[in-house]
Amino acid sequence: MDLNLDKYKYKYQVRVRNFEVDSLGIVHNAIYLEYCETARFEYIRELGFKFLPGSVIDDGIRIMVKRNEINYYHPARIDELIDVYTRISYIKNSSYCFEHVLINPETNIVYCDNKSIQVNLNLNNNRPERIADKYRKLIIDFEGKNIEIINT
Amino acid sequence: MDLNLDKYKYKYQVRVRNFEVDSLGIVHNAIYLEYCETARFEYIRELGFKFLPGSVIDDGIRIMVKRNEINYYHPARIDELIDVYTRISYIKNSSYCFEHVLINPETNIVYCDNKSIQVNLNLNNNRPERIADKYRKLIIDFEGKNIEIINT
Amino acid sequence: MDLNLDKYKYKYQVRVRNFEVDSLGIVHNAIYLEYCETARFEYIRELGFKFLPGSVIDDGIRIMVKRNEINYYHPARIDELIDVYTRISYIKNSSYCFEHVLINPETNIVYCDNKSIQVNLNLNNNRPERIADKYRKLIIDFEGKNIEIINT
Amino acid sequence: MDLNLDKYKYKYQVRVRNFEVDSLGIVHNAIYLEYCETARFEYIRELGFKFLPGSVIDDGIRIMVKRNEINYYHPARIDELIDVYTRISYIKNSSYCFEHVLINPETNIVYCDNKSIQVNLNLNNNRPERIADKYRKLIIDFEGKNIEIINT
(Lines give C-alpha, C1' and ligand atoms only; values in the text may rest on other atoms or scores of the structure.)
Protein backbone atom coordinates (compact mmCIF):
# COMPACT_ATOMS: atom_id res chain seq x y z
CA MET A 1 0.00 0.00 0.00
CA ASP A 2 1.24 3.41 -0.90
CA LEU A 3 0.34 5.90 1.80
CA ASN A 4 1.84 8.81 -0.17
CA LEU A 5 -1.30 10.87 -0.68
CA ASP A 6 0.20 12.81 -3.61
CA LYS A 7 -0.47 9.74 -5.74
CA TYR A 8 -4.19 9.83 -5.01
CA LYS A 9 -6.01 11.96 -7.58
CA TYR A 10 -9.48 11.13 -6.33
CA LYS A 11 -11.08 11.66 -2.95
CA TYR A 12 -14.61 10.95 -1.75
CA GLN A 13 -16.04 12.09 1.55
CA VAL A 14 -18.43 10.20 3.80
CA ARG A 15 -19.78 10.94 7.26
CA VAL A 16 -20.16 8.13 9.80
CA ARG A 17 -23.82 7.40 10.32
CA ASN A 18 -25.60 6.33 13.49
CA PHE A 19 -26.15 2.74 12.33
CA GLU A 20 -22.61 2.12 11.05
CA VAL A 21 -21.08 1.61 14.47
CA ASP A 22 -20.97 -1.62 16.45
CA SER A 23 -21.42 -2.42 20.12
CA LEU A 24 -18.06 -0.80 20.91
CA GLY A 25 -19.40 2.49 19.54
CA ILE A 26 -16.91 2.45 16.67
CA VAL A 27 -17.44 1.96 12.95
CA HIS A 28 -17.84 -1.76 12.31
CA ASN A 29 -14.94 -3.38 10.45
CA ALA A 30 -17.10 -4.39 7.46
CA ILE A 31 -18.51 -0.87 6.97
CA TYR A 32 -15.17 0.51 5.79
CA LEU A 33 -15.48 -1.79 2.77
CA GLU A 34 -18.79 -0.06 2.00
CA TYR A 35 -17.10 3.34 2.20
CA CYS A 36 -14.35 2.18 -0.15
CA GLU A 37 -16.78 0.68 -2.63
CA THR A 38 -18.88 3.83 -2.66
CA ALA A 39 -15.72 5.79 -3.43
CA ARG A 40 -14.90 3.35 -6.27
CA PHE A 41 -18.34 3.83 -7.81
CA GLU A 42 -17.92 7.61 -7.68
CA TYR A 43 -14.42 7.32 -9.13
CA ILE A 44 -15.77 5.27 -12.02
CA ARG A 45 -18.65 7.71 -12.51
CA GLU A 46 -16.10 10.55 -12.60
CA LEU A 47 -14.44 8.73 -15.50
CA GLY A 48 -17.71 8.92 -17.41
CA PHE A 49 -19.34 5.53 -16.89
CA LYS A 50 -22.93 4.82 -15.92
CA PHE A 51 -24.16 2.09 -13.58
CA LEU A 52 -26.96 -0.19 -14.63
CA PRO A 53 -28.93 -2.73 -12.64
CA GLY A 54 -27.49 -6.21 -13.11
CA SER A 55 -24.12 -5.06 -14.39
CA VAL A 56 -21.92 -2.68 -12.53
CA ILE A 57 -20.89 -0.57 -15.48
CA ASP A 58 -22.39 0.11 -18.90
CA ASP A 59 -21.26 -1.68 -22.08
CA GLY A 60 -21.72 -4.93 -20.22
CA ILE A 61 -18.58 -4.56 -18.15
CA ARG A 62 -19.03 -6.52 -14.94
CA ILE A 63 -16.37 -5.93 -12.33
CA MET A 64 -16.20 -8.17 -9.28
CA VAL A 65 -14.09 -7.97 -6.17
CA LYS A 66 -11.45 -10.71 -6.09
CA ARG A 67 -9.62 -9.83 -2.88
CA ASN A 68 -9.70 -7.27 -0.09
CA GLU A 69 -6.92 -6.41 2.31
CA ILE A 70 -7.75 -3.94 5.01
CA ASN A 71 -5.69 -2.65 7.92
CA TYR A 72 -7.43 -0.86 10.78
CA TYR A 73 -5.37 1.85 12.50
CA HIS A 74 -7.78 4.05 14.41
CA PRO A 75 -11.51 3.59 15.06
CA ALA A 76 -13.95 6.10 13.57
CA ARG A 77 -17.01 7.23 15.52
CA ILE A 78 -20.45 8.62 14.77
CA ASP A 79 -20.59 11.89 12.87
CA GLU A 80 -16.88 11.98 11.98
CA LEU A 81 -15.96 12.89 8.43
CA ILE A 82 -13.80 10.49 6.44
CA ASP A 83 -11.95 11.31 3.24
CA VAL A 84 -11.61 8.15 1.19
CA TYR A 85 -8.49 8.67 -0.94
CA THR A 86 -8.84 6.41 -3.97
CA ARG A 87 -6.58 5.37 -6.82
CA ILE A 88 -5.95 2.48 -9.18
CA SER A 89 -2.38 1.43 -8.53
CA TYR A 90 -1.98 -1.14 -11.30
CA ILE A 91 -3.88 -2.55 -14.23
CA LYS A 92 -3.36 -6.01 -15.74
CA ASN A 93 -5.10 -7.75 -18.60
CA SER A 94 -8.40 -8.56 -16.86
CA SER A 95 -7.89 -7.08 -13.38
CA TYR A 96 -6.82 -3.94 -11.58
CA CYS A 97 -6.16 -2.87 -8.03
CA PHE A 98 -7.81 -0.07 -6.08
CA GLU A 99 -5.97 1.41 -3.15
CA HIS A 100 -7.74 3.48 -0.52
CA VAL A 101 -6.56 5.46 2.47
CA LEU A 102 -9.27 6.68 4.86
CA ILE A 103 -8.36 9.85 6.69
CA ASN A 104 -10.06 12.34 8.98
CA PRO A 105 -9.86 15.65 7.06
CA GLU A 106 -9.66 17.71 10.25
CA THR A 107 -7.18 15.73 12.34
CA ASN A 108 -5.36 13.79 9.57
CA ILE A 109 -5.77 10.62 11.61
CA VAL A 110 -5.59 7.55 9.34
CA TYR A 111 -8.53 5.26 10.08
CA CYS A 112 -7.60 2.40 7.76
CA ASP A 113 -6.32 1.46 4.34
CA ASN A 114 -7.76 -0.97 1.84
CA LYS A 115 -6.32 -2.74 -1.19
CA SER A 116 -9.08 -4.16 -3.34
CA ILE A 117 -8.36 -6.29 -6.41
CA GLN A 118 -11.12 -6.24 -9.02
CA VAL A 119 -11.58 -8.58 -11.96
CA ASN A 120 -13.54 -8.11 -15.16
CA LEU A 121 -15.78 -11.10 -15.86
CA ASN A 122 -17.40 -12.10 -19.10
CA LEU A 123 -21.18 -11.87 -18.67
CA ASN A 124 -21.83 -15.21 -20.31
CA ASN A 125 -19.20 -17.58 -18.99
CA ASN A 126 -18.10 -15.75 -15.81
CA ARG A 127 -14.46 -16.11 -16.88
CA PRO A 128 -11.92 -13.27 -16.53
CA GLU A 129 -11.84 -11.22 -19.71
CA ARG A 130 -9.54 -8.47 -20.97
CA ILE A 131 -10.78 -5.08 -19.80
CA ALA A 132 -12.10 -3.16 -22.83
CA ASP A 133 -9.58 -0.73 -24.33
CA LYS A 134 -11.94 2.22 -24.02
CA TYR A 135 -12.18 1.65 -20.29
CA ARG A 136 -8.44 0.91 -19.86
CA LYS A 137 -7.57 4.16 -21.59
CA LEU A 138 -9.82 6.24 -19.34
CA ILE A 139 -8.22 4.73 -16.25
CA ILE A 140 -4.65 5.10 -17.50
CA ASP A 141 -5.23 8.67 -18.66
CA PHE A 142 -6.75 9.60 -15.32
CA GLU A 143 -4.02 8.03 -13.17
CA GLY A 144 -1.16 9.18 -15.39
CA LYS A 145 2.37 8.30 -14.31
CA ASN A 146 1.25 6.79 -10.99
CA ILE A 147 -0.39 3.70 -12.45
CA GLU A 148 1.62 0.58 -13.19
CA ILE A 149 0.62 -1.18 -16.41
CA ILE A 150 1.33 -4.88 -16.16
CA ASN A 151 1.17 -6.91 -19.35
CA THR A 152 0.50 -10.53 -18.59
CA MET B 1 -51.97 -5.57 16.10
CA ASP B 2 -52.92 -8.64 18.02
CA LEU B 3 -50.50 -9.21 20.88
CA ASN B 4 -52.26 -12.44 21.90
CA LEU B 5 -49.40 -14.89 21.32
CA ASP B 6 -51.75 -17.88 21.15
CA LYS B 7 -52.63 -16.77 17.64
CA TYR B 8 -49.02 -17.01 16.47
CA LYS B 9 -48.27 -20.46 15.13
CA TYR B 10 -44.79 -19.64 13.90
CA LYS B 11 -41.76 -18.35 15.76
CA TYR B 12 -38.24 -17.66 14.54
CA GLN B 13 -35.31 -16.88 16.79
CA VAL B 14 -32.48 -14.44 16.13
CA ARG B 15 -29.63 -13.24 18.28
CA VAL B 16 -28.56 -9.58 18.21
CA ARG B 17 -25.23 -9.27 16.46
CA ASN B 18 -22.41 -6.85 17.18
CA PHE B 19 -23.02 -4.74 14.06
CA GLU B 20 -26.79 -4.43 14.45
CA VAL B 21 -26.66 -1.80 17.17
CA ASP B 22 -26.36 1.95 16.68
CA SER B 23 -24.42 4.64 18.49
CA LEU B 24 -26.73 4.33 21.51
CA GLY B 25 -25.67 0.69 21.86
CA ILE B 26 -29.17 -0.54 21.05
CA VAL B 27 -30.49 -2.39 18.01
CA HIS B 28 -31.01 0.15 15.24
CA ASN B 29 -34.66 0.83 14.36
CA ALA B 30 -34.29 -0.44 10.78
CA ILE B 31 -32.73 -3.75 11.83
CA TYR B 32 -35.97 -5.02 13.37
CA LEU B 33 -37.43 -4.96 9.85
CA GLU B 34 -34.63 -7.32 8.81
CA TYR B 35 -35.47 -9.66 11.67
CA CYS B 36 -39.14 -9.65 10.68
CA GLU B 37 -38.37 -10.27 7.03
CA THR B 38 -36.06 -13.14 7.86
CA ALA B 39 -38.88 -14.66 9.93
CA ARG B 40 -41.26 -14.22 6.97
CA PHE B 41 -38.87 -16.04 4.63
CA GLU B 42 -38.58 -18.92 7.09
CA TYR B 43 -42.36 -18.97 7.54
CA ILE B 44 -42.81 -19.22 3.79
CA ARG B 45 -40.14 -21.91 3.55
CA GLU B 46 -41.95 -23.83 6.30
CA LEU B 47 -45.02 -23.78 4.04
CA GLY B 48 -43.00 -25.55 1.36
CA PHE B 49 -41.87 -22.79 -1.00
CA LYS B 50 -38.40 -22.22 -2.38
CA PHE B 51 -36.70 -18.88 -2.95
CA LEU B 52 -35.09 -18.10 -6.25
CA PRO B 53 -32.84 -15.21 -7.26
CA GLY B 54 -34.88 -12.48 -8.95
CA SER B 55 -38.24 -13.58 -7.59
CA VAL B 56 -38.94 -14.10 -3.95
CA ILE B 57 -40.87 -17.34 -4.26
CA ASP B 58 -40.99 -20.07 -6.88
CA ASP B 59 -43.72 -20.30 -9.54
CA GLY B 60 -42.97 -16.70 -10.38
CA ILE B 61 -44.72 -15.30 -7.33
CA ARG B 62 -43.18 -11.95 -6.48
CA ILE B 63 -44.21 -10.51 -3.15
CA MET B 64 -43.32 -6.93 -2.32
CA VAL B 65 -43.70 -4.96 0.88
CA LYS B 66 -46.41 -2.30 0.54
CA ARG B 67 -46.41 -0.86 4.05
CA ASN B 68 -44.67 -1.33 7.39
CA GLU B 69 -45.87 -0.17 10.80
CA ILE B 70 -43.52 -0.73 13.66
CA ASN B 71 -43.80 0.24 17.32
CA TYR B 72 -40.68 0.19 19.48
CA TYR B 73 -41.27 -0.65 23.16
CA HIS B 74 -37.93 -1.69 24.62
CA PRO B 75 -34.44 -1.54 23.09
CA ALA B 76 -32.61 -4.81 22.41
CA ARG B 77 -28.86 -5.05 22.98
CA ILE B 78 -25.96 -7.14 21.72
CA ASP B 79 -26.20 -10.89 22.24
CA GLU B 80 -29.83 -10.88 23.39
CA LEU B 81 -32.11 -13.54 21.95
CA ILE B 82 -35.29 -12.43 20.20
CA ASP B 83 -38.25 -14.64 19.36
CA VAL B 84 -39.97 -13.24 16.28
CA TYR B 85 -43.60 -14.39 16.58
CA THR B 86 -45.02 -14.39 13.08
CA ARG B 87 -48.46 -14.84 11.59
CA ILE B 88 -50.55 -13.80 8.61
CA SER B 89 -53.54 -12.01 10.08
CA TYR B 90 -55.57 -11.50 6.91
CA ILE B 91 -55.46 -12.35 3.24
CA LYS B 92 -57.16 -10.38 0.46
CA ASN B 93 -57.22 -10.91 -3.28
CA SER B 94 -53.67 -9.78 -4.08
CA SER B 95 -52.29 -8.87 -0.65
CA TYR B 96 -51.91 -10.17 2.88
CA CYS B 97 -50.70 -8.88 6.19
CA PHE B 98 -47.92 -10.25 8.37
CA GLU B 99 -47.96 -9.45 12.06
CA HIS B 100 -44.88 -9.87 14.21
CA VAL B 101 -44.23 -9.54 17.92
CA LEU B 102 -40.58 -9.57 19.00
CA ILE B 103 -40.03 -10.89 22.49
CA ASN B 104 -37.11 -11.85 24.68
CA PRO B 105 -37.65 -15.58 25.40
CA GLU B 106 -36.04 -15.35 28.84
CA THR B 107 -37.57 -12.17 30.25
CA ASN B 108 -40.73 -11.93 28.08
CA ILE B 109 -39.93 -8.27 27.43
CA VAL B 110 -41.62 -7.10 24.22
CA TYR B 111 -39.07 -5.29 22.05
CA CYS B 112 -41.39 -4.19 19.26
CA ASP B 113 -44.22 -5.21 16.99
CA ASN B 114 -44.49 -4.94 13.22
CA LYS B 115 -47.41 -5.05 10.83
CA SER B 116 -46.20 -5.59 7.27
CA ILE B 117 -48.55 -5.55 4.31
CA GLN B 118 -47.34 -7.53 1.29
CA VAL B 119 -48.66 -7.44 -2.24
CA ASN B 120 -48.32 -9.97 -5.04
CA LEU B 121 -47.15 -8.32 -8.26
CA ASN B 122 -47.39 -9.63 -11.79
CA LEU B 123 -43.85 -10.15 -13.07
CA ASN B 124 -44.57 -8.54 -16.42
CA ASN B 125 -46.66 -5.47 -15.68
CA ASN B 126 -45.87 -4.91 -11.99
CA ARG B 127 -49.59 -4.68 -11.23
CA PRO B 128 -51.20 -6.37 -8.21
CA GLU B 129 -52.39 -9.84 -9.13
CA ARG B 130 -54.53 -12.40 -7.32
CA ILE B 131 -52.39 -14.63 -5.16
CA ALA B 132 -52.30 -18.11 -6.70
CA ASP B 133 -54.80 -20.53 -5.14
CA LYS B 134 -52.10 -23.10 -4.31
CA TYR B 135 -50.30 -20.52 -2.24
CA ARG B 136 -53.51 -19.11 -0.67
CA LYS B 137 -54.53 -22.56 0.44
CA LEU B 138 -51.21 -23.27 2.13
CA ILE B 139 -51.43 -20.03 4.10
CA ILE B 140 -55.06 -20.49 5.09
CA ASP B 141 -54.52 -24.11 6.09
CA PHE B 142 -51.53 -23.17 8.20
CA GLU B 143 -53.18 -20.24 9.99
CA GLY B 144 -56.52 -22.01 10.48
CA LYS B 145 -59.26 -20.12 12.32
CA ASN B 146 -57.00 -17.16 13.18
CA ILE B 147 -56.71 -15.80 9.66
CA GLU B 148 -59.31 -13.42 8.27
CA ILE B 149 -60.18 -14.02 4.62
CA ILE B 150 -61.28 -10.80 2.97
CA ASN B 151 -62.92 -11.05 -0.42
CA THR B 152 -62.56 -7.82 -2.31
CA MET C 1 -48.98 12.17 5.91
CA ASP C 2 -48.85 15.48 4.16
CA LEU C 3 -47.53 15.05 0.63
CA ASN C 4 -47.69 18.79 -0.04
CA LEU C 5 -44.01 19.46 -0.64
CA ASP C 6 -44.38 23.19 0.03
CA LYS C 7 -44.50 22.35 3.71
CA TYR C 8 -41.10 20.67 3.62
CA LYS C 9 -38.33 23.19 4.33
CA TYR C 10 -35.55 20.65 4.43
CA LYS C 11 -34.33 18.21 1.81
CA TYR C 12 -31.43 15.78 1.88
CA GLN C 13 -30.17 13.86 -1.11
CA VAL C 14 -28.87 10.30 -1.18
CA ARG C 15 -27.84 8.05 -4.05
CA VAL C 16 -28.75 4.36 -3.99
CA ARG C 17 -25.64 2.29 -3.40
CA ASN C 18 -24.77 -1.13 -4.76
CA PHE C 19 -25.30 -2.93 -1.46
CA GLU C 20 -28.62 -1.31 -0.57
CA VAL C 21 -30.69 -3.42 -2.95
CA ASP C 22 -32.14 -6.85 -2.26
CA SER C 23 -32.48 -9.98 -4.37
CA LEU C 24 -35.18 -8.31 -6.49
CA GLY C 25 -32.65 -5.64 -7.48
CA ILE C 26 -34.61 -2.92 -5.68
CA VAL C 27 -33.78 -0.96 -2.55
CA HIS C 28 -34.56 -3.13 0.45
CA ASN C 29 -37.55 -2.01 2.51
CA ALA C 30 -35.47 -1.42 5.66
CA ILE C 31 -32.92 0.78 3.88
CA TYR C 32 -35.41 3.61 3.37
CA LEU C 33 -35.49 3.97 7.16
CA GLU C 34 -31.73 4.52 7.02
CA TYR C 35 -32.19 7.23 4.39
CA CYS C 36 -34.84 8.95 6.52
CA GLU C 37 -32.73 8.77 9.64
CA THR C 38 -29.71 10.20 7.86
CA ALA C 39 -31.91 13.09 6.69
CA ARG C 40 -33.09 13.62 10.28
CA PHE C 41 -29.53 13.80 11.55
CA GLU C 42 -28.66 16.37 8.89
CA TYR C 43 -31.84 18.32 9.69
CA ILE C 44 -30.85 18.43 13.35
CA ARG C 45 -27.29 19.40 12.47
CA GLU C 46 -28.72 22.21 10.31
CA LEU C 47 -30.48 23.48 13.41
CA GLY C 48 -27.13 23.79 15.14
CA PHE C 49 -26.78 20.64 17.22
CA LYS C 50 -23.81 18.33 17.48
CA PHE C 51 -23.90 14.53 17.74
CA LEU C 52 -21.90 12.79 20.41
CA PRO C 53 -21.18 9.10 20.91
CA GLY C 54 -23.61 7.59 23.39
CA SER C 55 -26.22 10.33 23.10
CA VAL C 56 -27.71 11.41 19.83
CA ILE C 57 -27.59 15.13 20.47
CA ASP C 58 -25.53 17.35 22.72
CA ASP C 59 -26.73 18.66 26.10
CA GLY C 60 -27.64 15.08 26.97
CA ILE C 61 -30.73 15.01 24.80
CA ARG C 62 -31.39 11.43 23.79
CA ILE C 63 -34.00 10.97 21.12
CA MET C 64 -35.32 7.49 20.35
CA VAL C 65 -37.63 6.25 17.66
CA LYS C 66 -41.03 5.27 19.09
CA ARG C 67 -42.88 4.33 15.91
CA ASN C 68 -42.33 4.15 12.15
CA GLU C 69 -44.96 4.05 9.44
CA ILE C 70 -43.71 3.63 5.91
CA ASN C 71 -45.61 3.24 2.64
CA TYR C 72 -43.77 1.94 -0.41
CA TYR C 73 -45.01 3.30 -3.75
CA HIS C 74 -42.29 2.68 -6.30
CA PRO C 75 -39.04 0.71 -5.98
CA ALA C 76 -35.73 2.57 -6.23
CA ARG C 77 -32.77 1.00 -8.00
CA ILE C 78 -28.98 1.27 -7.93
CA ASP C 79 -27.50 4.67 -8.67
CA GLU C 80 -30.81 6.55 -8.58
CA LEU C 81 -30.90 9.85 -6.72
CA ILE C 82 -33.44 10.29 -3.94
CA ASP C 83 -34.47 13.59 -2.39
CA VAL C 84 -35.56 12.96 1.18
CA TYR C 85 -38.01 15.76 1.99
CA THR C 86 -38.04 16.16 5.75
CA ARG C 87 -40.12 18.11 8.24
CA ILE C 88 -41.34 17.98 11.81
CA SER C 89 -45.11 18.03 11.57
CA TYR C 90 -45.97 18.31 15.26
CA ILE C 91 -44.27 18.67 18.61
CA LYS C 92 -45.71 17.54 21.94
CA ASN C 93 -44.30 17.70 25.43
CA SER C 94 -41.72 14.90 25.13
CA SER C 95 -42.16 13.75 21.54
CA TYR C 96 -42.35 14.99 17.97
CA CYS C 97 -43.09 13.57 14.57
CA PHE C 98 -40.88 13.58 11.49
CA GLU C 99 -42.52 13.23 8.10
CA HIS C 100 -40.51 12.27 5.04
CA VAL C 101 -41.35 12.00 1.36
CA LEU C 102 -38.73 10.30 -0.84
CA ILE C 103 -38.77 11.50 -4.42
CA ASN C 104 -36.65 11.09 -7.53
CA PRO C 105 -35.49 14.64 -8.36
CA GLU C 106 -35.43 13.97 -12.10
CA THR C 107 -38.68 12.08 -12.65
CA ASN C 108 -40.63 13.24 -9.56
CA ILE C 109 -41.58 9.62 -8.87
CA VAL C 110 -42.47 9.14 -5.20
CA TYR C 111 -40.60 6.13 -3.82
CA CYS C 112 -42.11 6.08 -0.35
CA ASP C 113 -43.16 8.16 2.62
CA ASN C 114 -42.29 7.72 6.27
CA LYS C 115 -43.81 9.04 9.48
CA SER C 116 -41.43 8.61 12.38
CA ILE C 117 -42.38 9.47 15.95
CA GLN C 118 -39.46 10.31 18.21
CA VAL C 119 -39.42 10.57 21.98
CA ASN C 120 -36.98 12.36 24.28
CA LEU C 121 -35.80 10.08 27.08
CA ASN C 122 -34.20 11.04 30.36
CA LEU C 123 -30.67 9.62 30.37
CA ASN C 124 -30.95 8.27 33.90
CA ASN C 125 -34.39 6.70 34.16
CA ASN C 126 -35.23 6.15 30.47
CA ARG C 127 -38.60 7.85 30.98
CA PRO C 128 -40.04 10.35 28.51
CA GLU C 129 -39.01 13.86 29.45
CA ARG C 130 -40.07 17.30 28.24
CA ILE C 131 -37.94 18.39 25.30
CA ALA C 132 -35.67 21.22 26.42
CA ASP C 133 -37.01 24.70 25.56
CA LYS C 134 -33.86 25.67 23.67
CA TYR C 135 -34.31 22.72 21.36
CA ARG C 136 -38.11 23.20 21.03
CA LYS C 137 -37.62 26.80 20.02
CA LEU C 138 -35.13 25.93 17.28
CA ILE C 139 -37.52 23.41 15.79
CA ILE C 140 -40.57 25.68 16.01
CA ASP C 141 -38.70 28.64 14.55
CA PHE C 142 -37.41 26.54 11.67
CA GLU C 143 -40.76 24.96 10.78
CA GLY C 144 -42.77 28.18 11.26
CA LYS C 145 -46.49 28.04 10.59
CA ASN C 146 -46.39 24.46 9.31
CA ILE C 147 -45.69 22.81 12.65
CA GLU C 148 -48.49 21.91 15.02
CA ILE C 149 -47.72 22.54 18.69
CA ILE C 150 -49.64 20.15 20.87
CA ASN C 151 -49.77 20.87 24.59
CA THR C 152 -50.46 17.71 26.53
CA MET D 1 -4.46 -19.59 4.77
CA ASP D 2 -4.85 -23.23 5.55
CA LEU D 3 -7.68 -24.71 3.50
CA ASN D 4 -7.26 -28.12 5.13
CA LEU D 5 -10.67 -28.42 6.80
CA ASP D 6 -9.45 -31.09 9.24
CA LYS D 7 -7.80 -28.30 11.18
CA TYR D 8 -11.08 -26.48 11.71
CA LYS D 9 -12.77 -27.66 14.90
CA TYR D 10 -15.58 -25.12 14.77
CA LYS D 11 -18.21 -24.50 12.14
CA TYR D 12 -21.11 -22.04 12.10
CA GLN D 13 -23.88 -22.04 9.54
CA VAL D 14 -25.62 -19.03 8.04
CA ARG D 15 -28.18 -18.71 5.27
CA VAL D 16 -27.95 -15.87 2.75
CA ARG D 17 -30.73 -13.39 3.38
CA ASN D 18 -32.64 -11.30 0.88
CA PHE D 19 -30.94 -8.03 1.83
CA GLU D 20 -27.38 -9.33 1.85
CA VAL D 21 -26.99 -9.35 -1.92
CA ASP D 22 -25.94 -6.43 -4.10
CA SER D 23 -27.10 -5.19 -7.49
CA LEU D 24 -25.44 -8.19 -9.19
CA GLY D 25 -27.70 -10.49 -7.14
CA ILE D 26 -24.73 -11.93 -5.26
CA VAL D 27 -23.72 -11.57 -1.64
CA HIS D 28 -22.01 -8.21 -1.22
CA ASN D 29 -18.27 -8.40 -0.56
CA ALA D 30 -18.57 -6.73 2.88
CA ILE D 31 -21.26 -9.11 4.11
CA TYR D 32 -18.86 -12.07 4.26
CA LEU D 33 -17.02 -10.18 7.00
CA GLU D 34 -20.28 -10.12 8.95
CA TYR D 35 -20.66 -13.88 8.52
CA CYS D 36 -17.10 -14.43 9.74
CA GLU D 37 -17.55 -12.16 12.72
CA THR D 38 -20.78 -13.86 13.71
CA ALA D 39 -18.92 -17.18 13.59
CA ARG D 40 -16.17 -15.72 15.77
CA PHE D 41 -18.69 -14.58 18.37
CA GLU D 42 -20.25 -18.04 18.45
CA TYR D 43 -16.80 -19.64 18.66
CA ILE D 44 -15.97 -17.45 21.65
CA ARG D 45 -19.33 -18.19 23.25
CA GLU D 46 -18.63 -21.91 22.76
CA LEU D 47 -15.47 -21.41 24.80
CA GLY D 48 -17.59 -20.12 27.67
CA PHE D 49 -17.43 -16.35 27.41
CA LYS D 50 -20.29 -13.87 27.61
CA PHE D 51 -20.67 -10.69 25.55
CA LEU D 52 -21.46 -7.43 27.25
CA PRO D 53 -22.46 -4.08 25.79
CA GLY D 54 -19.45 -1.81 25.48
CA SER D 55 -16.85 -4.57 25.68
CA VAL D 56 -16.85 -7.57 23.43
CA ILE D 57 -16.10 -10.18 26.07
CA ASP D 58 -16.55 -10.32 29.81
CA ASP D 59 -13.75 -9.59 32.30
CA GLY D 60 -13.12 -6.38 30.42
CA ILE D 61 -11.42 -8.07 27.49
CA ARG D 62 -11.86 -5.87 24.44
CA ILE D 63 -10.84 -7.47 21.16
CA MET D 64 -10.59 -5.35 18.03
CA VAL D 65 -9.98 -6.28 14.43
CA LYS D 66 -6.51 -5.19 13.28
CA ARG D 67 -6.49 -6.58 9.74
CA ASN D 68 -8.71 -8.52 7.36
CA GLU D 69 -7.66 -10.43 4.26
CA ILE D 70 -10.42 -11.92 2.20
CA ASN D 71 -10.32 -13.81 -1.09
CA TYR D 72 -13.52 -14.23 -3.07
CA TYR D 73 -13.75 -17.45 -5.12
CA HIS D 74 -17.40 -17.99 -5.96
CA PRO D 75 -20.41 -15.73 -5.40
CA ALA D 76 -23.13 -16.83 -2.98
CA ARG D 77 -26.78 -16.12 -3.72
CA ILE D 78 -30.01 -15.71 -1.80
CA ASP D 79 -31.11 -18.64 0.34
CA GLU D 80 -27.87 -20.61 -0.03
CA LEU D 81 -26.43 -22.18 3.11
CA ILE D 82 -22.87 -21.33 4.09
CA ASP D 83 -20.75 -23.23 6.57
CA VAL D 84 -18.25 -20.84 8.12
CA TYR D 85 -15.31 -23.00 9.16
CA THR D 86 -13.50 -21.15 11.93
CA ARG D 87 -10.24 -21.60 13.78
CA ILE D 88 -7.57 -19.62 15.57
CA SER D 89 -4.36 -20.39 13.73
CA TYR D 90 -1.87 -18.62 15.98
CA ILE D 91 -1.80 -16.70 19.22
CA LYS D 92 0.81 -14.11 20.18
CA ASN D 93 1.18 -11.98 23.29
CA SER D 94 -1.65 -9.53 22.64
CA SER D 95 -3.09 -10.74 19.34
CA TYR D 96 -4.34 -13.83 17.56
CA CYS D 97 -5.46 -14.77 14.09
CA PHE D 98 -8.81 -16.20 13.03
CA GLU D 99 -8.97 -18.15 9.78
CA HIS D 100 -12.28 -18.84 8.06
CA VAL D 101 -13.26 -20.87 5.04
CA LEU D 102 -16.82 -20.38 3.76
CA ILE D 103 -18.23 -23.41 2.02
CA ASN D 104 -21.56 -24.54 0.64
CA PRO D 105 -22.40 -27.68 2.67
CA GLU D 106 -24.27 -29.28 -0.22
CA THR D 107 -21.97 -28.60 -3.17
CA ASN D 108 -18.66 -28.04 -1.30
CA ILE D 109 -18.10 -24.92 -3.37
CA VAL D 110 -15.72 -22.54 -1.56
CA TYR D 111 -17.21 -19.06 -1.51
CA CYS D 112 -14.29 -17.24 0.12
CA ASP D 113 -11.70 -17.36 2.85
CA ASN D 114 -10.87 -14.76 5.46
CA LYS D 115 -7.87 -14.21 7.70
CA SER D 116 -8.69 -11.81 10.50
CA ILE D 117 -6.10 -10.58 12.97
CA GLN D 118 -7.50 -9.48 16.33
CA VAL D 119 -5.78 -7.51 19.05
CA ASN D 120 -6.58 -7.22 22.75
CA LEU D 121 -6.70 -3.59 23.86
CA ASN D 122 -6.46 -2.21 27.36
CA LEU D 123 -9.77 -0.52 28.18
CA ASN D 124 -8.12 2.55 29.66
CA ASN D 125 -5.24 3.44 27.36
CA ASN D 126 -6.27 1.59 24.16
CA ARG D 127 -2.81 0.01 23.95
CA PRO D 128 -2.28 -3.66 23.07
CA GLU D 129 -2.21 -5.76 26.20
CA ARG D 130 -1.30 -9.39 26.89
CA ILE D 131 -4.32 -11.61 26.50
CA ALA D 132 -5.37 -12.88 29.94
CA ASP D 133 -4.05 -16.37 30.74
CA LYS D 134 -7.52 -17.74 31.45
CA TYR D 135 -8.63 -16.78 27.97
CA ARG D 136 -5.38 -17.97 26.30
CA LYS D 137 -5.71 -21.36 27.94
CA LEU D 138 -9.28 -21.86 26.72
CA ILE D 139 -8.25 -21.06 23.15
CA ILE D 140 -5.13 -23.24 23.23
CA ASP D 141 -6.97 -26.15 24.81
CA PHE D 142 -9.73 -25.94 22.23
CA GLU D 143 -7.45 -25.72 19.19
CA GLY D 144 -4.99 -28.32 20.45
CA LYS D 145 -2.04 -29.18 18.21
CA ASN D 146 -3.27 -27.04 15.33
CA ILE D 147 -2.62 -23.68 16.95
CA GLU D 148 0.78 -22.03 16.76
CA ILE D 149 1.87 -20.29 19.96
CA ILE D 150 4.19 -17.41 19.18
CA ASN D 151 6.08 -15.86 22.05
CA THR D 152 7.09 -12.33 21.24
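Order of writing sets the labels: A, B, C and D. Residues in every chain begin at 1.
In the analysis below, contacts are C-beta pairs under 8 Å (C-beta built on N, C-alpha and C of every residue); 3 or more make two chains touch, one makes a residue touch a chain.
None of these values were measured; they are calculated from a predicted model.
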| item | value |
| --- | --- |
| Winner on C-beta contact pairs when C-D is weighed against A-D | A-D |
| Centroid comparison with subunit D (C-alpha atoms), farthest chain | C |
| Geometric centre distance via CA averages, subunit D-subunit B, whole Å | 30 |
| Chain centre separation in whole Å, for subunit D relative to subunit C (CA means) | 36 |
| Chain centre separation (subunit A, subunit D; CA means) in Å | 24 |
| Numbers and ranges of subunit D residues touching at least 2 other chains | 18-19, 21, 23, 25, 30-31, 34, 37, 51, 53-54, 56, 77-78 |
| Subunit C residues touching subunit A - in the complex, by the definition given at the top | 17-19, 21, 25, 34, 37-38, 41, 50-54, 56, 77-79 |
| Touching residues on subunit B, where the partner in the complex is subunit A | 18-19, 21-23, 25, 28, 30-31, 77-78 |
| Residues on subunit D engaged by subunit A in the complex (per definition of touch) | 23-25, 29-31, 33-34, 37, 51, 53-56, 62, 64-72, 75 |
